[in-house]
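One chain, subunit A, links the two complexes that follow: it is found with subunit B in the first and with subunit C in the second.
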Partner chain A sequence: MSRTVSVERAFEASPEAVYGAYWGLENWPRALSNIVDAGADYDDGVHQCFTMVVDKDGARETVRGVRIGVPFAKVELCQFVPPPGFRVMRGEWRFAPSGTGTQVVAERVYETSDPAGGDAAGALLKSLLEKNLVAFDRLLSGGAA
Partner chain B sequence: MTMFAKIVDVLAEMDVEGAEPEKQLGDDLQMDSQELVCATVDFERIFSVKLADGELTRDMTVGDLAILLARKTAQQAAIGDFDYALCEDTTIRAPLEAVYEALHDAAAWPQKLPHVLGIAMHYDDGRYQEFDMEIDGGAGGRIAVRSVRRCEPGRIRFFQPSPPAFLRHHCGEWILQPLDGDLTLLSTRHEWRLSDAAARLFPSLDGIATPERVRGWLTEHARVALERWKNNLESGATP
Partner chain C sequence: MRDIRVQHPLAIDPSGAMNAIWSGAEWDARWDAIRSFDVRYDDGVHQIARIVLDWSGDDVAMDVVRFRTDANRIDFFCPNPPRPLSYQSGSWGVESVDGECVLVAARRIALDPALPESGDAHRERLETYAGQLEARLSRILERFARGPG
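After this line comes the complex of A and B, so read on.
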């Protein structure tokens, strides 16, 4: 059964800047210190196939997926090779103008390999999404990972 | 809500009553040229499309108008900043849900579409799919592509991380719009950039340059696919 988690945060940067930061895979290791490498195997400007190597307690995990961009409004993603413990991981970031900044919503739809683990996985996922938003907000504000 | 029902609502706002799919805007609904101009402005605003001057005519039926507006919606739904685009469509006498189900079930295409020689599904969670597809490229040739799709009722976006050799990038959409009752407009939109190999694989011939030859090939391919889906869904037969 699919479950959904969602978090949001107000960024000072414009939707164009926020969209660009999320779309550019080269920004991911800069924003998040546990991301060792990230790159696109295919990128036509609005569709990407990406690979991301994540350090988790000293072990390397590789996730592979696709992203679809709607410039300055939304980045959708689906991980064809989801993180360990998940059967399905997809979702989106939505960017809405808010004053001179941007209201960012990060949403994930997920299914766990163990159906009983849904609640715990959801709490973990929500925590990771909140860290993700903080990290990109900091990157756009000129801070380091 | 079907396109026909939306049009009936717009016309009712203009005090034009009695709209039926087969009724003409002029003789049957008594719309004069001034009312057609006002209707054009309203349709452009409501459906977010551009209509040319004189595109709405008195001899057009409400059914024709539904197809025109649905077609414009699909034609003007650009995906990105690609070099080339095409949009083809057909009406299918089948509910939108049945058309969507047939398009979504990619694994069954080789049984339904003769030009699809094989599908190897790598990922399918209902919304996203990734598969390798082999199609008949004509003259005994086979073309292999890898396709990724995001599926939602009414719209299936695709892009090809491994496109045919003559394309650098290739993406598009199947756009399904309910016209009236069980009548669905199925549009297929393609956008692309040529690869360096295009000039070798589609050299200029008889005054037709490489880009137009590629467009011709893709257009023909799109029309054949639409015709086969129409035949398949309306008769239930394998064409």
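After this line comes the complex of A and C, so read on.
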């Protein structure tokens, strides 16, 4: 059975800037120090097939998936090669204007290989999503990753 | 880029038509140009497939990523479009047009520009392909708009 986790954060940057930062794969290693490499095998502007190499405690993990952009409202993600321990990993970032900035919601829908691991996986995903939002907010604010 | 839109009256409930279009097995059963429809990933919202189909006597392969945008619409793009296309994306959907429920196929296509040809010749080739694709989409919609059998 699939579960959902979501976190949100207020960004000072505009929805256009936040959407652009998330869509541009070149920004990912700049925002998150554990992303070793990120690139697109296909990108027509609103559809992407991407690969990311992630450092996990010294081990390299390759993440492959597709992203679908709805400028400047949403970036949808599906990891068709889910991370170890997961059967399904998909989700989205939603960008809503809020004053002069943007309210960003990061959501993941997931299924764990071991159904008993759902709660722990959810807590881990929530923590990672919170770090993700902080990292991109800092990137857009001109701060260091 | 060339946009195409084809529609056909829908005789069955919308969810039945959309579920059939989502199903690789239904494509195998309903459209004889399908040589194979190999679903490599499907979480119910996103689907990745390698499709081989007959086009004017040739087997052509395409990789397609399909995703449900709502209950009555499936969008897609092709990381590897079928030759001679260099780009293909589109959607399948159910809409109400002039009070009638219709099944709609929309496409955006571009031809591979690799051939050395004039602009007029390229446009003529694109229009010819688009006409063939419209005719094919009409037949596909007819198959999926009437239910199984």
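Everything below uses one rule, namely that the second predicted complex is superposed on the first by the 145 of 145 C-alpha atoms of A that agree within 3 Å, B and C clash if a C-alpha of one lies under 4 Å from a C-alpha of the other, contacts with A are read in each partner's own complex, and residues count from 1 in each chain.
In this section, contacts are C-beta pairs under 8 Å (C-beta built on N, C-alpha and C of every residue); 3 or more make two chains touch, one makes a residue touch a chain.
Values in this document were obtained by computation on a predicted structure and should not be read as measured data.
*Asks:* If subunit A is used to align the two complexes, do subunit B and subunit C fit next to each other or clash?
*Replies:* These partners clash in the superposed model.
*Asks:* For A:V66, decide between first (touching subunit B), second (touching subunit C), both and neither.
*Replies:* A:V66 sits against subunit B and subunit C alike.
*Asks:* I'd like to know which partner A:G45 touches here: subunit B for first, subunit C for second, both or neither.
*Replies:* first
*Asks:* Looking at the overlay, does A:V88 come into contact with subunit B only (first), subunit C only (second), both, or neither?
*Replies:* In the superposition, A:V88 contacts both subunit B and subunit C.
*Asks:* Quick check for you: in the superposed arrangement, does A:F80 touch first (subunit B), second (subunit C), both or neither?
*Replies:* Touch status of A:F80: both partners.
*Asks:* From the superposed pair, tell me which subunit A residues show up as contacts to subunit B and also as contacts to subunit C.
*Replies:* Common to the two interfaces on subunit A: residues 41-42, 44, 47, 49, 66, 68, 76, 78, 80, 88, 90.
*Asks:* For subunit C, which residues count as touching subunit A in their complex?
*Replies:* It is residues 40-41, 43, 45-46, 48, 65, 67, 75, 77, 79, 87, 89 of subunit C that touch subunit A.
*Asks:* Tell me, which parts of subunit A touch subunit C in their complex?
*Replies:* Interface residues on subunit A, with respect to subunit C: 41-42, 44, 47, 49, 66, 68, 76, 78, 80, 88, 90.
*Asks:* Could you pull out which subunit A residues touch subunit B in their complex?
*Replies:* 41-42, 44-47, 49, 66, 68, 76, 78, 80, 88, 90
*Asks:* Which residues of subunit B touch subunit A once you look at their complex with the stated criterion?
*Replies:* 79-82, 122-123, 125, 127-128, 130, 148, 150, 157, 159, 161, 169, 171, 193
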